[in-house]
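See the structures that follow.
Here come two complexes built around subunit A, the first alongside subunit B, the second alongside subunit C.
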Partner chain A sequence: MSNFYSTPRSEANRKSKNSYFAVICLLVCGLVVMTLVVLLASIFFTGGNWLSWDFLFANHLEDNPEESGIWQAIVGSVAMCFLCGVCALPIGIGTAIFLEEFQPRNSLLRSLHWLVQLNITNLAGVPSIVYGILGVTAFVYMFSYFPSITPNDPPTYEIGANYRYQMKTLGGDFVNFPCPDKTDKEFRINESIEAVDSRGNSFTLNVVESRSAAPKNDPVLLDQTVVKGKRPSKYAVKSFFYFHLPFGKTVLAAGLTLGLVILPIIIIASQEALRAVPASLREAALGMGATRWESVREVVLPAATPGFMTGAILAMSRAVGEAAPVLAVMGGVLVTTNGLTNLMAKTPVLPVTIYKWAGDENVGFEHLAAAAIIVLLVLLLVMNSVAILIRSRYEKMLG
Partner chain B sequence: MATKSERDFENALLRNYELKSSLWGKISEAMVMTSLVACGVFSLAITVGIIVLLASQSIGFFNNADLAIDPFTFLTDTRWTIGQTQGTPRYGILPLVSGTFRITGIAMVISLPIGLICAIYLSEYATPRVRSILKPTLEILAGIPTVVLGFFAIKFITPYLLQPIGDFKTFNAASAGIAVGILCLPLVTSLAEDALRAVPDSLREGAYGLGSTRLEVTLKVVVPAALSGIISAFLLALSRAIGETMVVALAAGSTPTFTADPRGPSQTMTGFIVETFQSESLEPDSIGYYSMYAVAAVLFVFTFTITLIGQLIRMRYQEVYS
Partner chain C sequence: MTEIDQPKKTAAKVEMSSNNEILESPSDVAIAIESFNAFYGDFQAIHDVNLNLPAKKVTAFIGPSGCGKSTLLKWINRMNDIVPSAHATGLIKIGDLQILDRQTDVVDLRRRIGMVFQKPNPFPKTIFDNVAFGPRLHFKISKQDLTELVEWSLRKAAVWDEVKDRLNKSALGLSGGQQQRLCIARAIASGPEILLMDEPCSALDPGSTSRVEDLIYELREQYTIVMVTHNMQQASRCSDRTAFFYKGQVIEEGQTEQVFTNPQQKKTEDYVTGKFG
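Up next is the complex of A and B:
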């Protein structure tokens, strides 16, 4: 076969070029698949043996990879993920409804509409570390509007903290009593005061002038006696709703920062969910006399909810793996003494733990980092499976 | 027999009542509209907040009397010695910028051709079976957290791929670049594939009808028709690579160097910011604190410009088929 333009020879040449290209494509794609296989295999071989229940439920120990674990990091990651989802979801869905369902008629709102739409793509392209810097300034220090938090002074604006003094008596018992002024650094015990001993009994603290005046023969009274002029140490009992301004380097600040990071993702996903709702549903609602908001509330939102959920889960799974903003806001926390008891606590999270362990000079932590990666990947896999499950049921419903 | 509501409705029509929204309906509509606009404005406020913050704090860096540094020196000096105690400190951002572009360059060399070839293959060549393997692979790759790729770079790419073939340091630009390339690959592929798929079949069929081979259809018809989408995919990957943090923080080391050698350590702009945050001595109003903002401002200008150019290309040159 030949035609006016191509001789048989050049046609064979063209066809062989085509098949060469197909082979090259296949090889390149094979390379991509192999990259993923090698990546997963290398992680599994490094960390697989170190996975155990003890590893899951223990916490980080300095210089002791054998007994370290990631329980606090798992709790921290899950809490942070919920926190940023709760913050970003309403704003994200609201923005998506504004962009998709309300085509404004006046020119001011229309230009706002255009600007917001343009801005979403730009926000999605901002590096997460820049969000981290924004989070540090806006949430951790709050533009230095409030007095900043230092380790030795209690925050000026706080609720949910109960300050108490603690001191050791001559008998060796530890007693505590309420602190009337949390900012007082010069407080000394001068007169007897109502106190609670280490067994929880309240009694009146006995104050003596000097050590020699102590009732040495009475061990019970000795346990309740202190020397006058001694300085007790101050501590705070923090309730679960403990809260202060500025937020400081806390889980709340980190969660809000992650909320900023995933906001554009949630907006884009919610816009797609709204676009997937057939126009006929809206038209039917409007035709029956519903206002725009009524049609959105009663018809569009219920139909788009599974799409919102899918988008939210995917965005949250992005947040779970995000290390840079958390590192910027909270610093490289590996373990805390009390765990996550309130929103003003610090907490380790999985990606930061992996980062710190991977950079540790102790070789054992390299294996732990790989084991923690396996846990993180399993967590992401679960979240993504849930999202895919919701999406597949959703497609059946609307299709 | 008509029901009561039907009679009411007829009466309303007969008496020519106006069927209009109640006052409460109007109020609630206005309230909802306001809160939705507020949501939209919030997303704008984030961008404005970032710009104002970076600008004002960078001005603080340049106005610092102890430093006596002007923006020109900052942008052209080839030494960056913040954090070092000896000698006169030098604040030239070029080493950090060169580190960023060394790693980004390697990443682009890897991810752009491979990503484009994968996209072409997926959109034009692949059988359903190959597709069913390749597509999930790319999706999994896209979902892997960046810190995991950083771990892969430092524990696998450097010791097992690079050090056998040359004199690579423990921390080097090449391994970070390769890992960032792996990171950008799924992004390039999925965006470019979308662009290629948006080309209507009639164009392909026309080319086939003229006797083209599949390769000719792809390279001479489909790719040119989807070029704006492909370029914006490339630009998005570029801005992603410039802003990537955790991979470079783990694998590229913390020595700012002004060279083109990929074998040595190289600190990037993002790497410097992370390192500054981690140092215990970071306090508001210190030099390190302000320099971080100045570096972040430069980083933001890069990524913002690239994203904006990508958007403009897509809006300006997108071929609309209907």
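Up next is the complex of A and C:
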């Protein structure tokens, strides 16, 4: 027996290996923290001085980084995040409930169920630009099912828009009058018509045969006179519920696309939340004679809600930071004239603004990009804190 | 005890609304099990069991782990429905009701057969809502009646005095023994005839165990109780009849006293005397 135990391994050697390993782990960990610190420091040094209230509440100005700001981008990001949450959360949580709580017993349905689960797991790893292209096909053009929208043709299917004509009179004033048929491209002014001038006064438009017949001596009448046969320009007054099909390159299409991006993430996070609910609670509810739905509604969902919230907030913070799908769907918008007045408007968002500014050749915009990154980081931090706050409140309520 | 023995209005309501064959046709047999076989996939967990479980008595299932006693218990209220591979043949009857019949409504079946699990599993709700869960599912019941029923159930489960001042607090704040008695109150609140208990004391400390055992002993005046236990002292303390399971078969069934003091089978004797198990 004794020869088994005759040569012990060096204890000092084993102990020093132990300490080497601890040091290596510490170094690796330090590297990660260092990277983060360097990243944050460089951003703060580049952009910190450019942060101000003016920066927050101003909008992008071409060639003028000093007075540019990100107000529209903040509004756009929040609105888009809200949109994608509204569309992705019910679908995602519903899917998770189906996959976890209503597993079929039939073998054919079970394999179908397995296939769906496999697909969702894979979809979570698909690059977001791919979703961007899908969004362009599915939401922007809607598979070309509806007549596409061009600058000259108003959309065929729309609500909430009131079309009007505008034209310049011989006196130089702009007058407006109703447009009875928005599809009429050949409309010309041939006879007198009720119109409104730029000061809001109604009057009857004075139509003359030619420029030579204009009442040159009466400036008031001249402001109300147009030449016969002239073509007025058409414009639309859009209400807050303005909506058309297909969606086109709009904030709605971008929000829905982001919804697709985060859908698998929400489903997987919600499934985790449901799996974390102890099986004993389900058994208790079913054992009391609850139907599946009753046990889900009364017992499983309340217990899983904190998990749903965490998953939703994490998914939405990913959506806020996505640039690629938004660029693909809406284009690189930096500023719009009217801001976000309805779902069919375009809007800048923070990541796209950062992307455009970081690549801008004008000196100064790279500082603005860094400042915008700080704002984005703060936004994400706030979202995550809210999630943690809600979660801890909820847990306190439960136990 | 006498003034709380019946919830005044609600018990009558519950009893009227339940389709109670047993009470209408007085019979000693509450649950009849005939040539029953149970499977998980290809594995046969129970072989040809014939058993009659008496009404208003406590029947204990004893036997070593994996002998099929919990499986049989879970088939009595069809809880095995949620196990995808589980299936069974044979008959389990309560009165005329064929439990294993596909047409049998498990929702009403499980209201009539309450279940108490191994680990206390109160819902993460208030104590009141826990007990009110079953009645709210199955009956349209006024707030006042519900309050009365909750109190009656909690008194019946011998936990009222400990929780009466904290009905609106979370049930998760109770101790393990209190939680298990709350679960018993929850089970009896929806007006069952039969209570199934799957090792109800195995997760409890000795003090809580003896309180729950006393409770089980008292409850048999009103309910048929079937209980699975690993603890032979427990079976002898609080059951009227005992069935000994071994490898999916019932080796012996009889008066508890007789099974423990004068077993007819060698296997039973070896088990109750601690030679294996």
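As a convention for this text, the second predicted complex is superposed on the first by the 373 of 399 C-alpha atoms of A that agree within 3 Å, B and C clash if a C-alpha of one lies under 4 Å from a C-alpha of the other, contacts with A are read in each partner's own complex, and residues count from 1 in each chain.
Assume contacts are C-beta pairs under 8 Å (C-beta built on N, C-alpha and C of every residue); 3 or more make two chains touch, one makes a residue touch a chain.
Predicted, not measured: the structure shown is a model, and the values here were computed from it.
Q: For A:278, select first, second, both or neither according to whether it touches subunit B, subunit C, the two together, or no partner.
A: Second partner only, subunit C.
Q: One more residue to check, A:138. First (subunit B), second (subunit C), both or neither?
A: First partner only, subunit B.
Q: Pick one for A:105: touches subunit B only (first), subunit C only (second), both, or neither.
A: Touch partner of A:105: subunit C, not subunit B.
Q: Kindly classify A:298 by the partners it touches after superposition: subunit B alone (first), subunit C alone (second), both, or neither?
A: In the superposed model, A:298 contacts subunit C only, not subunit B.
Q: Pick one for A:10: touches subunit B only (first), subunit C only (second), both, or neither.
A: Neither partner.
Q: Mind working out whether A:46 is in touch with subunit B, subunit C, both or neither, as first, second, both or neither?
A: Touch partner of A:46: subunit B, not subunit C.
Q: Touching A:287 in the superposition: subunit B (first), subunit C (second), both, neither?
A: A:287 contacts subunit C only, not subunit B.
Q: Looking only at subunit A, is it subunit B or subunit C that touches more of its residues?
A: Residues of subunit A touched, subunit B against subunit C: more for B.
Q: Once the complexes are superposed, what residues of subunit A are shared between the subunit B interface and the subunit C interface?
A: 289, 291
Q: Report the residues of subunit A in contact with subunit B in the complex, numbered from low to high.
A: 3, 5-6, 14-15, 17-18, 21-22, 24-26, 28-29, 31-33, 35-36, 38-39, 42-43, 46, 90-92, 94-95, 97-99, 102, 109, 112-113, 115-116, 118-123, 125-130, 132-134, 136-138, 141, 144, 148, 260, 263-264, 267, 289, 291-293, 317, 320-324, 327-328, 331-332, 351, 354-355, 358-359, 366, 369-370, 373, 376-377, 380, 384
Q: Taking the touch rule as given, give the residues of subunit A at its contact with subunit C in the complex, in rising order.
A: Residues 103, 105, 278, 280-291, 294, 298-299, 302-303, 398-399 of subunit A touch subunit C in their complex.
Q: Under the stated contact criterion, what part of subunit C meets subunit A in this complex?
A: Spelled out, the residues of subunit C in touch with subunit A are 77, 79, 82, 84, 106-111, 114-115, 117, 119, 121-125, 133-134, 137-138, 170, 172-173, 183, 186-187, 190.
Q: Could you please specify the touching residues of subunit B with respect to subunit A in the complex?
A: 19, 21, 25, 28-29, 32-33, 35-44, 46-47, 49-50, 53-54, 57, 114, 117-118, 120-121, 125-126, 130, 133-134, 137-138, 140-141, 143-152, 154-156, 182, 185, 211, 213-216, 236, 239-240, 242-246, 249-250, 270, 273-274, 277-278, 284, 292-293, 296, 299-300, 303-304, 306-308, 311
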